[in-house]
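First subunit A sits with subunit B, and in the next complex the same chain sits with subunit C.
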Partner chain A sequence: MTDFLQLLISGLATGAIYALAAIGFTLLWQTSQTINFAQGEFVMVPAFLALIAMRWFGVPFVPSLLLAILGSMLLLGVAFRYVIVGPLIRRGVLPLVISTIALSILLKESVKDFYSAEAQTFPTLLPDTLITVAGVSVSLAQLGVLAVALVTIVLLQWFLAGTRTGRQMQATAQNPTVARILGVPVERMILYTFLINAALAAMASLLVSPIYLAKFSNGETLGLIAFVAAIVGGFNQVRGAIAGGLLIGVLDNLAAAYVSTAYRQAIPLILLVLVILFRPQGLLGRKEERAV
Partner chain B sequence: MSTRTSLLVGLALLVLLALVPVDLSDIGVPYPGLRRYGTYILTLWLVTAIAAMGVNLIVGYAGQETLAQAAFVGIGAYLTAIVTKAGMPFGVAFAASGLLTFAIGIALGFPALRVQKHYLAFVTLAFSVLCWLVFRNEEWITGGVMGIRDIERPSFLGWPLRNHVRFYWFVLGIASIMTFVLWWIVRSPWGRAFTALRENPLRAESLGIDVRLYTLLAFALGCAYGGMAGSLYAPLVEFIDPSPFALGPSLLFMLMVVIGGSGTFLGPFVGAGIAVLLPEWLRAWETWYLLIYAVLVMVMMAFFPGGMVGLATRLLTRKARL
Partner chain C sequence: MLRKTLAVAGLAIGGLWAPAGFAQDIVIPNIIELSGGGATVGAMWKNGSSMAVEEINASGGILGKKIKLEFIDTASDPGKARAAMQRALDDKPIAIFGPIYSGSVSATLKLTADAEVPQVMGGEAGPLTAQGSKYIFRTSFGQNVSMPKIANYLRDGVKAKTVAVVYVNNDFGKGGRDAITKELAARDIKVVADISTEAGQADFAADVIKLKGANADAIFVYLNEEESARFLREAKKQGLNKPLIGETTLLGQKVIELAGDAANGVKGHVGLTVDAPVPAIQEFGKKYEAKYKSKPDHNGVKGYIAPYMIKAAAEKAGKLDAKAIAAALHGMTITPDKVPGILIEATWDDKGEIDRISFLGEVKDGKQVITETLPKLNK
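Entry: the complex of A and B
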């Protein structure tokens, strides 16, 4: 039982990171019909921005984390919005899908060729000390990850539901035409979505890299998990992405312990297929009327 | 082009392609033919083009996205390797590869196509990774990361195909039959329904076309093309391991079809040519090749979403107009 609790907590910690990546993915899809096949690479790159700041320019640890988040918002938010999505959005979904697939290759290869093909250790804010409560020992770093991720999610939810800008963003996501008629600056809201996605991806990156090391190929697994979490939870709901992320984090950890490490990766994929078979709108999603 | 001219052009191309690796200097033409490696690359191009034709059917004609073509090629390749190693003839392995991948295509496509448009992309993504895990982990049947070596090239009607030029001709024969079949399908009422579907699904449906059935069949047929390409890939390379059937190569299949020109008949051949030849040309640049390829794709999507064939058609018609 204590084993199970330990696995549950560490699963929730990684799951919260997955949720961050999945929320960004869902937001992009909602507001601009962009299926971002480079989402995994978006989670891989910011850790390397921080590493570049630290190792090439000698910036201290905490400022370089902030620089990584800023850099990610510029590169994966603003530049992605205007250079890649902008010219393609009117051409339909397929060219954009292809372009983001190419972007994922570009980001992966750039990190490999310009930085390193080796996995890099990444410093952590919190020490790895174990604290034991009622027989269950949890590392401080894991609790920290969980706390940071949850605070980010709560802040985001508050922003989306509680502020004027957030509600305008939701209006844009639900119906851009009506939102525009009501005076919502739709273009700016779409840009905000891209910025939020980049910031969430950077948070996920900085939280996940101390655990799994920073490596150019990390995006493959992370991207896959972000898709699966978003779809399992419900493609059209932010809370769906949160639930999906947490669920997959926990399942992944339990599977590694109780099933087999060889097929650990398969568990979320099987879950995805089951959800598509039996509950295609996702666990928390609402059915979408067919768009005519 | 009328049916007759396109058939004639196709036949002429076929004869030309058959002659490419042959040394013609004996009959007075100063052409030395291709060496062993050149012939191998040419055969690889044909095999890749068969799988790419399948992707084109799914992407360009049925308007869906598939991210598992390399996995289907893998299924065909492993099945063929295992079946021929067990002493069964190649023909059986080839047919079984096509049928099995067709059946898997139906099984995957049926639930995915009930839902939203892009769900097929996600289901195939998951399937692709699952297949790779099976290829890598089930050592008792796939050999794991060590793969399966010494896969025999078959003989055709008692004519051994060990020689690389003969095997090339064999693959060329199969590829041209498969190209012809696809050309015929695309021109048949069945194929017209695909085009109607891609251009305007709602109108197609109102005209009585069962959209889901047609899309499903197109997807399954595209998968079968992948499986049959894999069945040829195994004896061509004579060795298979999981790496060419991972998710990355599946994504590259998508890219090559769109680069060539999705929804055009020649697109897959051009795209497969670029995908097979570019790494050979950029050999000196080694690791930079994928980087250059990715940038090329992004630039093409921004400026010529019709791909190489679309671009060529546009240039040619403009010239004709002048």
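Entry: the complex of A and C
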């Protein structure tokens, strides 16, 4: 039982990070039909922005984290929206998908060339202190990851459902034309989703790097898992992406412990195939409906 | 034809500005892991080999000719390594350095054998030297040499009756796992858990839980650098309190740097280290650190001795000919009093297997400490 709890908590902490990345997929899809295959790299880059601030310019740790989030919102939010998505979305979904794949390669290679090809240690906000409850040892850092991720997700849900801007974003997602007629500033709402996506990716980056080290190639697996999580949970629902992320995090650990470590990577993909076959809208998704 | 024309044009243009002697430099392709999972080992090897080449060139080169290294990235991918090797061999080099990952060496060793060009590589998987190539040379122990040493240590040093093995699911890891399992069985030590992990794996929670459940006397950890660090962090977090035993990598500088506190207490066999109680190798460590601002691990040393191997062999053969260099290296013992750059006396057998002294060590307060020196096998 303690083993199970241990696996569950580790899995939830990892899953929360997948969830943060997966939300980005649904947000961008809902408001601008963008499938961002550079999402994994969006989670990799902010850690390096923080490292650059710290190691090249000597900025202290906490301000560098804030700079990283800000930098990521400018670079991966505003610039991504206006330089890549804006001009390309008019040509349809496919050219945009291809260009996000190109963007992912560009980001990866840039970090490799301009920073380093090697894994980097990343300082953590929370100490590595261990807390042991009923035989389950959890590090404060891990609990912190889970807490920060969950608080972020709750705040996001509240923002989308409980504020005027959030509801305008919902309207934009459901029917941009009607929203525009009703006076919703659709373009601005779309920009907001890009900013939120970049901020969430930066959060995920700063949470995951102290545990798994910062490396230019981190985005490859993260992006793929987040994509699978978004599909499994439901590509058109933020809560679906959250559930999908947590589920895959836990499932990966349980599969490794109780099925076989050799096949752990296959389990999420098997789940993906089953979901596509039997519930294509995702576990929490709805058919043909859009909502953020 | 176009390629030839371009090459001639390139040479002609190059000749206009190149310093005298440039055209006569010997180019040695260095096909290594500069990105991907092996980036850490590739960077160390690159620095080590560059340093050796600078020293060799400063003291007159090899048989009067200067060496130039050409670095080619395999992206830690055997397919890319093979393609790069094919291209590099077209220019008929006198030797090839790399790759370092066993999988990539395995994909390329047939090419160098066919082209009859000596390949000085960093792979440690056992089967690499067992495929009959007359042109493959190790810079560190193969698993067929290191695993018996580890197994002896588990039996005599750790006094383990049961061992859990955790390995990475690639050529390096599987080769090591197969070799250690065989050696442990021969010593009546039982393998109670056999855990495969993925290259690039981030979360080791489940693996550590399995290891805790296995309750073995010792755990043999055979992973690549970054995964070793992540594993050690998770093991510390979950309070895994069994002896963690490794082979070279686990006690390496990069792992210590990435794992921090979690590396303390790790023990094992170290084939090659700058912390060895050998003045020449410590001196090398200091020079490297002064130049590259980081402490070299065994891959730095492996890269460093590669050019010196070729230099010694070429001088023994008396000519800069690939086939003659390979023939000279077989059965050759290079000693530091004649070739200081070799750092520790080493002998290559007719299969390209290396023999030299090695060490037992442990990590204390974030530093690798050598506790015992093991003699050469055939001495």
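Simple rule for what comes next: the second predicted complex is superposed on the first by the 284 of 292 C-alpha atoms of A that agree within 3 Å, B and C clash if a C-alpha of one lies under 4 Å from a C-alpha of the other, contacts with A are read in each partner's own complex, and residues count from 1 in each chain.
Rule of thumb we're sticking to: a contact is a pair of C-beta atoms (placed from the backbone, for glycine too) under 8 Å apart; a residue touches a chain by one contact, two chains touch by 3 or more.
Here the structure is a predicted model, which means the values were calculated and not measured.
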Practice prompt. Tell me which partner A:84 touches in the superposition: subunit B (first), subunit C (second), both or neither.
Written response: first
Practice prompt. Considering only the touch criterion stated at the top, classify A:95 as touching first (subunit B), second (subunit C), both, or neither.
Written response: first
Worksheet entry | Touching partner for A:212 - first (subunit B), second (subunit C), both, neither | second
Worksheet entry | Touching partner for A:6 - first (subunit B), second (subunit C), both, neither | second
Item to complete: Pick one for A:112: touches subunit B only (first), subunit C only (second), both, or neither.
Response: both
Worksheet item: Which partner does A:265 contact after superposing on A: first (subunit B), second (subunit C), both, neither?
Response: both
Discussion item. Based on the A-chain superposition described above, do subunit B and subunit C contact any of the same residues on subunit A, and if so which?
Written reply: 112, 220, 262, 265
Practice prompt. Report the residues of subunit B in contact with subunit A in the complex, numbered from low to high.
Written response: 59, 63, 65, 111-112, 114-119, 121-123, 125-127, 129-130, 133, 137, 202, 247-248, 251, 254-255, 258, 262, 287-288, 290-291, 293-295, 297-298, 301-302, 305
Worksheet item: Where on subunit A does subunit C make contact in their complex?
Response: 3, 6-7, 10-11, 14, 112, 117-119, 121, 128, 130, 132, 137, 139, 142, 211-213, 215-217, 220-221, 252-257, 261-262, 264-265
Discussion item. Which stretch or stretches of subunit A touch subunit B in the complex?
Written reply: 35, 37, 84, 87-88, 91, 93-99, 101-106, 109-110, 112-113, 220, 224, 227-228, 231, 235, 262-263, 265-266, 269-270, 272-273, 276-277, 280, 288, 292
Worksheet entry | Contact footprint of subunit A on subunit C as seen in their complex | 34-37, 39-40, 42-43, 169, 195-198, 200, 202-203, 205-207, 209-210, 212-213, 225-226, 229-230, 233, 237-239, 254, 257-258, 260-261
